[in-house]
Amino acid sequence: MKQLKTELVSQKEIAASIYEAVVFHKEIDESFQPGQFVHVKTGFGSDPLLRRPISICHVEPSKHELTMIYRAEGKGTKVLAEMVPGVEVDLLGPLGNGFPVEKTMEGETALLVGGGIGVPPLYYLSQELTKRGVNVKHVHGFQTSSVVFYEEKFKAYGPVTITTADGTYGEEGFVTNQLDMNADYLFACGPSPMLKALENYQAKKGVYLSLEQRMGCGIGACLACVCHVQGDETGFAYRKVCSDGPVFQAGEVVL
Amino acid sequence: MSRLRVELPGLDLKNPIMPASGCFGFGREYSQFYSLDQLGAIMVKATTHEPRFGNPTPRVAETTSGMLNAIGLQNPGLERVMVEELPWLSKFDVPIIANVAGSTIEDYVTVAEEISTAENVHALELNISCPNVKEGGLAFGTVPETAYEVTKAVKEVSSVPVYVKLSPNVTDIVQMAKVVERAGADGLTMINTLLGMRIDLKTGKPILANGAGGLSGPAIKPVAIRMIHQVSQQVNIPIIGMGGVQSAEDVIEYFLAGASAVAVGTANFVDPFTCPTIIDALPALLDELGVHHISELTGRSWKTEWNLQSSSH
Amino acid sequence: MSRLRVELPGLDLKNPIMPASGCFGFGREYSQFYSLDQLGAIMVKATTHEPRFGNPTPRVAETTSGMLNAIGLQNPGLERVMVEELPWLSKFDVPIIANVAGSTIEDYVTVAEEISTAENVHALELNISCPNVKEGGLAFGTVPETAYEVTKAVKEVSSVPVYVKLSPNVTDIVQMAKVVERAGADGLTMINTLLGMRIDLKTGKPILANGAGGLSGPAIKPVAIRMIHQVSQQVNIPIIGMGGVQSAEDVIEYFLAGASAVAVGTANFVDPFTCPTIIDALPALLDELGVHHISELTGRSWKTEWNLQSSSH
Amino acid sequence: MKQLKTELVSQKEIAASIYEAVVFHKEIDESFQPGQFVHVKTGFGSDPLLRRPISICHVEPSKHELTMIYRAEGKGTKVLAEMVPGVEVDLLGPLGNGFPVEKTMEGETALLVGGGIGVPPLYYLSQELTKRGVNVKHVHGFQTSSVVFYEEKFKAYGPVTITTADGTYGEEGFVTNQLDMNADYLFACGPSPMLKALENYQAKKGVYLSLEQRMGCGIGACLACVCHVQGDETGFAYRKVCSDGPVFQAGEVVL
C-alpha cells in the first residue's frame, strides 16, 4: 500500500461513458493482485474532495502499467475522464484483499460473473486463473448494448456469455439466468442485488464476492465502509470493505 | 525543530500538528505510510464504555469541498482500547489524546477515569459534540448546562488534563466555551462537524443511511476560523483548532485566529501524508513570515499589541 | 412550461427559480445578459429606511468552494428604491420579492409598510439574519422572541405576504421556524449565510475589513439541505431554499429536502447565466426522474407515503 | 459585456511567475478598450470559486485575440497558469470603464506609470495613444529584476524607465522618483500606495488612475468593490470599481 503519483499513459472511451485508463509508475508490479483496488484522486483542487475506489482491471508488471476501467457518471469520474495523457494521477494502492487466486489449482473450473462496472477486476483475475491452468467461464451482465465492453478480451481466456437487461445484446435478462451450476469456484463482482442472488450459489470449492461501499479513507481507518458479520450475535463484529475486503467469501458478511 | 515545539496542559508537543479524532483510527493504518513518531500528538477515535457498531451504511457522502459522515462512534469499547489499541500505540514516541464519548454522564466518567490512567494518554478530548448518535452526543454540546456538568464530572475523575470538543452547531459558541472553562476544562478543541445532509436524486432519500451527518473538510474552515477567533479572545485556556486543514498555510491561519495547535481530519483521507507534509513545510513558512517560533502567531489576528508593532514596520 | 409553475403565498411563479437577495442588485446588471422575464421571481437587494453605505472594503473573500461577504446592507434607502429601482423593474413580467432590513423593529415596519405597496412587489422577505451589520441584523434572527416580534409587527402592516429569512447560525433552526410561523409568516426563506472568517497570512489580520462575514456558495449547501429537511417537516408554510445552488440537480435536491422554490445567490457571480440555464435544464431532468410537475418533489426525502410508493417499483 | 468561452491560444511565463496568456474568441474585437478588464474563471470545478479580474493587456481585433498578463500567486492564478493551449477559458468582458483615450489629442504628452502587475493594461493604452499621435513616456516599477517584463515591447511606443525596489534592475527605488513633471496626462495602474502618491501629480489635462479592489460579481451587482466619493458629505455616495471604474480621474474617489 503506497501513494503513487502515476502518469496517465492513455485514456479512451471503450463503451458509452466507459473509460479505460492506463497509468504508469515504476512501483506498479506483481504486488498488485486481482480483486484489489486503487483509490484515485480525481482533479486537482478540493472539488471533488474524496478519492474514488476503482478496481485493478489489469497490471503489466514488466511495463509497470495498471489499467482501470470506470464509468464516468458522477463528479469525480467525469473529472477523471477529462484528464489527458501526461498528467499525474495520484493513487493509493494496491488496497484491500483480492480474489484468492492462490487457492485454485490446475484443472479446476471457475465461473466469473460480472455486472456492469463490476466486470473490470475479473479481467485480471481471468488472466491469472488461466495462467494457473484453471478453466474459466464468464457471464457478464450489462444494462444495454452500448455499455458492453471487453467481450473479445475475455474470450482469450474462456467462453463469454453476455446478458443485457433490455435484450439489446447477447441474452436478455440477468446473469443469474445464465449460470453454469458445476463450477468449482464462483467469483463475482457487481451491484449488490446481483451479489445477493449469487450468495447461495453452490460452488464446490468456494464462492467469492467483491463488494462495493462508499468509502472515506479506503485504508481501514475511518470505518465508513463496514459491514456486519453473518451469524454474529453480539452485533459488534464487522469487516471493512476497504481493508478486509473488497472480496469476501460468501457467507462471511451480511450483504 | 524547537521552533515548532508547543507546550499545552498535559502535552509537550514536538510540533503542533496532530490527526483529528475519527480520521486516523488508532493509528495502525497510517503507520503503514510513515512513522507516527513524527506527529505532535494523535487524537484517537472516540472510545465509549461498551463497544459500538455505529450507524448503518452508507456512512459517508461527498459534498462540494467537504464530506458528510455518520459513523456513529463505532469503536471496540473501553476494554479493548485499553488492552489492544493504546498499548500498540505506546511503541511510538507520541502523546495520545483520548477522545471520550458516551450517552450519559456516567458513561463519560467511566471511560475518562480509566482511559486517563493509560501511560501514553496525556490528555482527554471530551467529545460532547458528535452529531451522529441519537442520545447524548450533540445534546451535551449544545446545552450549556449539560456541557458544564459533564465537563465538571470528568475533570473530577481524570488523571490527565481535559480538553472539551465544541460543536459549531450553536448560536453562541463563546457562551459554550466559557461554560466549559468554568467547569474546569484545561483546553478546547474546535470545531467538530457541522450538521449537514445530502439527498440522492435517484432514490429521493438522504445518501447517508442515518439521514443527516457531520460536515467536515475545507468547506467548513471559515466557520472554524471565525469561531476560534471569537472564542480565543474570551477564554484563558488554549485551543486546538481543526476543520478543513490541508496545508501549512491553513495551520498558520488557525494560529493567527487563536489556536495553539492544529488537528487534521478529513485531509488524511485525501492525502495520507498530509500531517508529515505540513510538519515539514512549517519551518520555511515561518521564515517567510519572519516568525521565529510558531507560538508567537497565536491570536495575532486580534492582538492589538501586534497591530501596533506591525504598523511600525 | 406549466410543469415548472409554482404557486406560493402572493407569488404565481412561472418557474421556481429566482436570484437571491444581494446577489443580483435590482436586476439592472444581469439584464444585460438575459431578459429578466425568464425568471420565476427576483429577490432584490435588502432595503433599509435610510440609505446605507455599508462596511469598509475589502468586503468579499474567497474560501474553498465558498465566499465570505460583509457588504453591510449597502442600499440607496427606501425612497430611491421606491422611485427608481422598483419602477425600472416593472417593465419585466416578473414578481419582485422585496428584502426588508433594519436596525429596529420600527425600521422594518416602516420599510415593509411602504415597499409592500409597490405594484410589482408581490411578497416581502424579512431579512432578520444578516450577519454583517452591528445592530439588528443577525440578532433578530437568533433570538426567538425578537424574531417573533418583528415578524408580527411587519405582518400587521404589510400589504403582501411575508416570508422570513432564517439564519443558519442557531442551535435550533426548527424552533426559529416555528416561532416565525406562529407570528404569522406566510413562508420561510432559508438559509442566509453562515458566519465565517478568513485571515490573510501576510497581514495577519482578517481579509474582510469587517472581520467576520457571511459564508455562501456550494460549501454551505449540505447545511441548508439539512435545515430545510428538518424545518419543512415541522411547519405548514412553504420554504424557498437557497445556499450553494448552481445547477438543476441542486434545485431538485432542495425540492426533495422540502423546498417549494429555490433561489440562486453566489452562483450568479460565477456564471451570470446560472438562473436561465437551470430553468432550461429542469424539464429534461424532470423527465429523467419520471416526475411530471416539479412540485411533486417537495419533501419527498421525508414523505413516508412516497417511501411506500417507491418501494413497490 | 458578454460571457465568452474563449480558447486558450498560448500561455508562457515571461518573468518569474508572470504569465502571458492569449485567448481567442470571434467576439473579441475593438469594443475591448485599454483599461477595461475581463473576469476570468480559473479551473473547472467550484474550487477556486470566484472569477479573477485581469486587465486587458492587448487586443488584436483582426485576429480576435486578447492578451492578459498576470502573476500566478494565489490559488486561482496558479490554476490558470496550469491551463494548456486548447482548453476553454470562460471570461466576462469587456468590463468597466477604461482610460479616456478619446480625450487625448495628437501632439499631447502622456506619462504612463505602472507598478508590478499594474503594468499590463498600459501596454494596450500606450499603443492606442501612440496611434492617436500622443507622445508617450513610461515609468514602470517592479520589486526586483526577475519580475520585470515587456520593457522592449513598451519601447516601441516611447521611452521606458524601469525602477526596482531593490535596485537589481534599472533605477533603484520607486516610480515616484522618476516622474517627468510636464506631461499633459498621467495614466497609472498599480498598487494603492503608488496611486496615492500619484494622486496629486499636476498633469495639465488630467490624471487617471486604475484601481484594484476585491470583487464578487465584477459587473456592478454585488457592491463588493465600492469606494467613497471625494468630498461627499453624506457618506452614502459611492463608485463601483468594477463598473464605474476601474479607471477614475484623480480626485473623484477616495483611494
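In order of appearance the chains are A, B, C and D, and numbering begins at 1 in each one.
One rule holds for everything that comes next: a contact is a pair of C-beta atoms (placed from the backbone, for glycine too) under 8 Å apart; a residue touches a chain by one contact, two chains touch by 3 or more.
Because the structure is predicted, anything quoted here is derived from the model rather than measured.
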(message) Contact counts by the stated rule: is the higher one at A-B or B-D?
(response) A-B
(message) Suppose each chain is reduced to the average of its Cα coordinates; what separation in Å results between chain A and chain D?
(response) 54
(request) Please report how many Å separate the Cα centroid of chain A from that of chain B, as a whole number. (result) 36
(request) Go ahead and note the Å separation of the Cα centroids belonging to chain A and chain C. (result) 45
(request) Mark out which residues of chain A touch at least two other chains, giving numbers and ranges. (result) 45-48, 75
(message) Residues touching two or more other chains, restricted to chain C: which are they?
(response) 63-66, 218
(request) Classify the chain contact graph as line, ring, star, complete or other. (result) complete
(message) With touch defined as at the start, can you tell me which chain B residues reach chain D in the complex?
(response) 64-65, 218
(message) Taking the touch rule as given, give the residues of chain D at its contact with chain B in the complex, in rising order.
(response) 45-47
(request) Give every residue of chain D touching chain A within the complex, in rising order. (result) 43-48, 75, 79, 82
(message) Applying the document's contact rule, which stretches of chain B touch chain A when the two form their complex?
(response) 22-25, 28-30, 32-33, 45, 51-54, 57-67, 69, 71, 74, 76-77, 207, 217-218, 246, 266, 268-273
(request) Report the residues of chain A in contact with chain B in the complex, numbered from low to high. (result) 1-3, 41, 45-51, 75-76, 90, 92, 213-228, 234-236, 238, 243
